[in-house]
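Data block below; observations after.
Labels A, B, C and D are assigned to the chains in the order they are written; within every chain, residues are numbered from 1.
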């Protein structure tokens, strides 16, 4: 890979600014390895919980103009098995790995972080968008600055790994949430998780397409919303941001970096352009850097 | 890019045997043998099924009634509608003018019937072996015969055809003739044995893994250590690919992503 | 137009379930007339305020994969001139008209409703998504059930027209907001207004594409989110819903009705398929009704 | 469908006169005379400008420096970039082998220069009349001559060409010859007079309205009573269309949508 793509992130030097985000392919060590070989500089596991979860029934995905909805239901084999995959991955490949975890309370997140401490994972990411977990005022966990603060604080009190808080777009004030995460000690933000959720209906069968009825929105159509939220969050926090939401081309990476992100995740893009998307986008970034006269990707900064 | 999803009326339901039915749809799809669709009634689930027939104006899938979902589907009648996505995945290679050996066990047989038709169209000579637990579970026998192929039928209890396994029949055939190509679909342990017995002959098999998205994004169907996605790079794999998959014949993953080891597999 | 398209709405019989929503074309009587002639059954004026507003600077619109963002900035000639256009329209055409209005307080909405009382408009619609108007807790007006309640209540106390509350998708609990509107006496809901907002960046000029930086998201990519919110709202209110958000085909109209809407608005679709979209979609609806064996559009009901 | 937006380097800046500049872009667009683009530096606004030249590899727009936005643009140099959307709107009709009369006033002239080129390509004979306040505001004179047309130039003060208006010249011409087609662009009051004077000859004019979206959705540019959108069905209108527009020559709308009556127009 080109030297122009190398970029620093929380003390690591990544081979590319591209990130495999949580829940995309990342079930097995082999999938993580494949994404790394295809050109992702940083890899995230599927979001792991204390107990295994089968997730929602099929159908779990459906596509529409400009995007897709998904309701995987946070299926995962549990934190223990999940971290074994990280171990197997590290036997073969050096790229840094983020262990994504989710719980329903600060205590659960604390316990998950203890597991990650004992693993080969380089970072811990807190998936704060756990559906159906409400705070005392009936606000979803991810939309309450107090809940976000408490969870990050709790994890920071135990974690030996840098802590990344993954934020939901479904909030009233992203600035408040981002600042709460930073104030609690988060080392970075990851944003955004899928939007909505949304619903699609089969008008012939008169049924929702997803078994869960509702599913979070991902894909190209997310880009403007993601960029706006990243632009706002980066106006008030100093910690770096892993940006994602509709990134499918090299130009999208530049754009999301100009919105304020340091790195760029590619999720739904794996469907739109195949698993080779990481290779293709890396190539497109280098081409843009050359044409626009940048020395390397690190020079692409947030606009005013 | 959009996913190809359509809601189709079932044109015909064919009862292959007590536990096996075929749905026929009057809809043109572009598909090769080995590819599958995701089929759902949007009420009880969505599961992968291989395409078992496909011509210019219609296609079919053949399913064994095994669990809750297929149980519900078995109540559907012509005129009922289902939601279909696909076709997805890789296809069997169709050579020209070669000697081909097809080996299928259980619900691996239907896609092989589709394959046999395509092989014959291209002037290949086809020998087929199909194996079932017992005679009442046999399927596609008539269909095969319609294409001019008389399959060797094996049953565990000898209630139809000869007593024994697909492997027994295959070893006999290999003693007499050397096919140019071997195809196999069925239980993974059988596929492994076919591969092992294939003795240097090119071989393509159809593997099954738990499917969720079927569009290569969720990682559910990935096979280690190379992260091969059965829904995109599979389900048809050749020997080289299988050689890279330490997981093959050893384990698969359940809906949570946890490993389930095959009985008899060493781990 | 086909009889199959006729549908009842708050005591009116509309020639089609299609609605021209607020802010689309509706500046002049001529534009409203044109949409009516093209097949819309109900027409909404641009959102009107007490004073004229020039709106935001150009560029005010930008397109992306699956949608567009806009920041018109609620430009309008003021309620007086705006209602003169309704008068001119009514001289020529009988179709019912919704006067869309927006203010920054219950008092302003009250005053606007008094103007509408004296006009030829058949309905009044309250655009509750006025940006940058926060309640005492820093929550946008449209996301606060108390603000929504107060505004609708205030308008109901004076309005001689049926009152339609137009809801924003950018809320934490649509059910709460929808119920607040119904409890305050709203006769119908209109949902959804544009989403986000979002932001697009020109990576060569290193500038946001919109002069206002941010703009609300409309278009096909909105559909799943709109349908989910309509499905939720219609599970807890009894008043009819004008559904909108990404409707561009006859099938979309059926789908949004199955989500719980009575009528369907077409906004961004005017760009995607031209002003003739109302004609085309009417035709597509009739075709679907015939194929699926419905007598008329009224028979298409919300799914469970 | 996506809007056609691109960010282009200005290849060349031509100073037509003290208050008029032309930007040339090395970019191929498919456009006909009369169409316009929305041009923005993404810092000071975005406004419509007619395409004043267009060949296989480049195009140009010519703008009069009138207010704040065009003032800022006038500082741009070759190599600077701007954001462009379009082309949008309707085009002038190009007949074959006819006698055409072109009449333009002020910044109406640039699109007519593009038109003249296309008319000549199709073997039409072209007479052009251009009018300006004063000689120092004249534009496109050389450009017209390059296409082989010598425009009749009129100025209010007689400082260049003849003293008088485009209308004066046009009436003279109509006395001598009867063109098959008349084209006009310029101030609306002039357009109205050209139409009135055209005496049964087919006539196409280029109207201007305040533009925001330029994609037919916001209604800003709509003309009453038929809601004709100048950004989509315009800016080139024929006599029949203009006949339906009671607004034509009477008023237009400002950025808020309020009516601004033309001075001298009766309302």
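Heads up, the rule we're going with is that a residue touches a chain if its C-beta (ideal position, glycine included) is under 8 Å from a C-beta of that chain, and two chains touch if they have at least 3 such contacts.
According to UniProt, the chain labels map to these proteins: B, D = FAD-binding FR-type domain-containing protein.
Since the model is a prediction, treat every value here as computed from it, not as a measurement.
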Path length in steps (a step moves to a chain that is touched) from subunit B to subunit C: 2
Touching both subunit A and subunit C we find none
Suppose each chain is reduced to the average of its Cα coordinates; what separation in Å results between subunit A and subunit D? 51
Determine the centre-to-centre distance between subunit A and subunit B, using the mean Cα coordinates as centres, and give it in whole Å. 36
Rounded Å distance, subunit B centre to subunit D centre (Cα mean): 67
For subunit C, residues contacting two or more additional chains: 64-65, 204, 207-208
If a residue has to touch 2 or more other chains to count, which residues of subunit D qualify? none
Among line, ring, star, complete and other, the chain contact graph is line
Dump the list of chain pairs that touch, please. A-B, A-C, C-D
Listed in rising order, subunit D residues that touch subunit C in their complex are 1-3, 5, 7, 38, 40-43, 45-47, 81-83, 211-220, 222-229, 232, 247, 253-259
Interface with subunit C, subunit A side, in the complex: residues 64-67, 69, 138-140, 143, 170-173, 195-201, 203-204, 206-208, 213-215, 217, 219-221, 223-225, 227-228, 231, 246, 251, 254-255, 258-259, 288, 292, 303
Within their complex, state which residues of subunit C touch subunit D. 23-35, 46, 52-55, 57-65, 68, 70, 72, 75-78, 81-82, 88, 92, 202, 204-205, 207-209, 211, 267-268, 270-272, 274-275
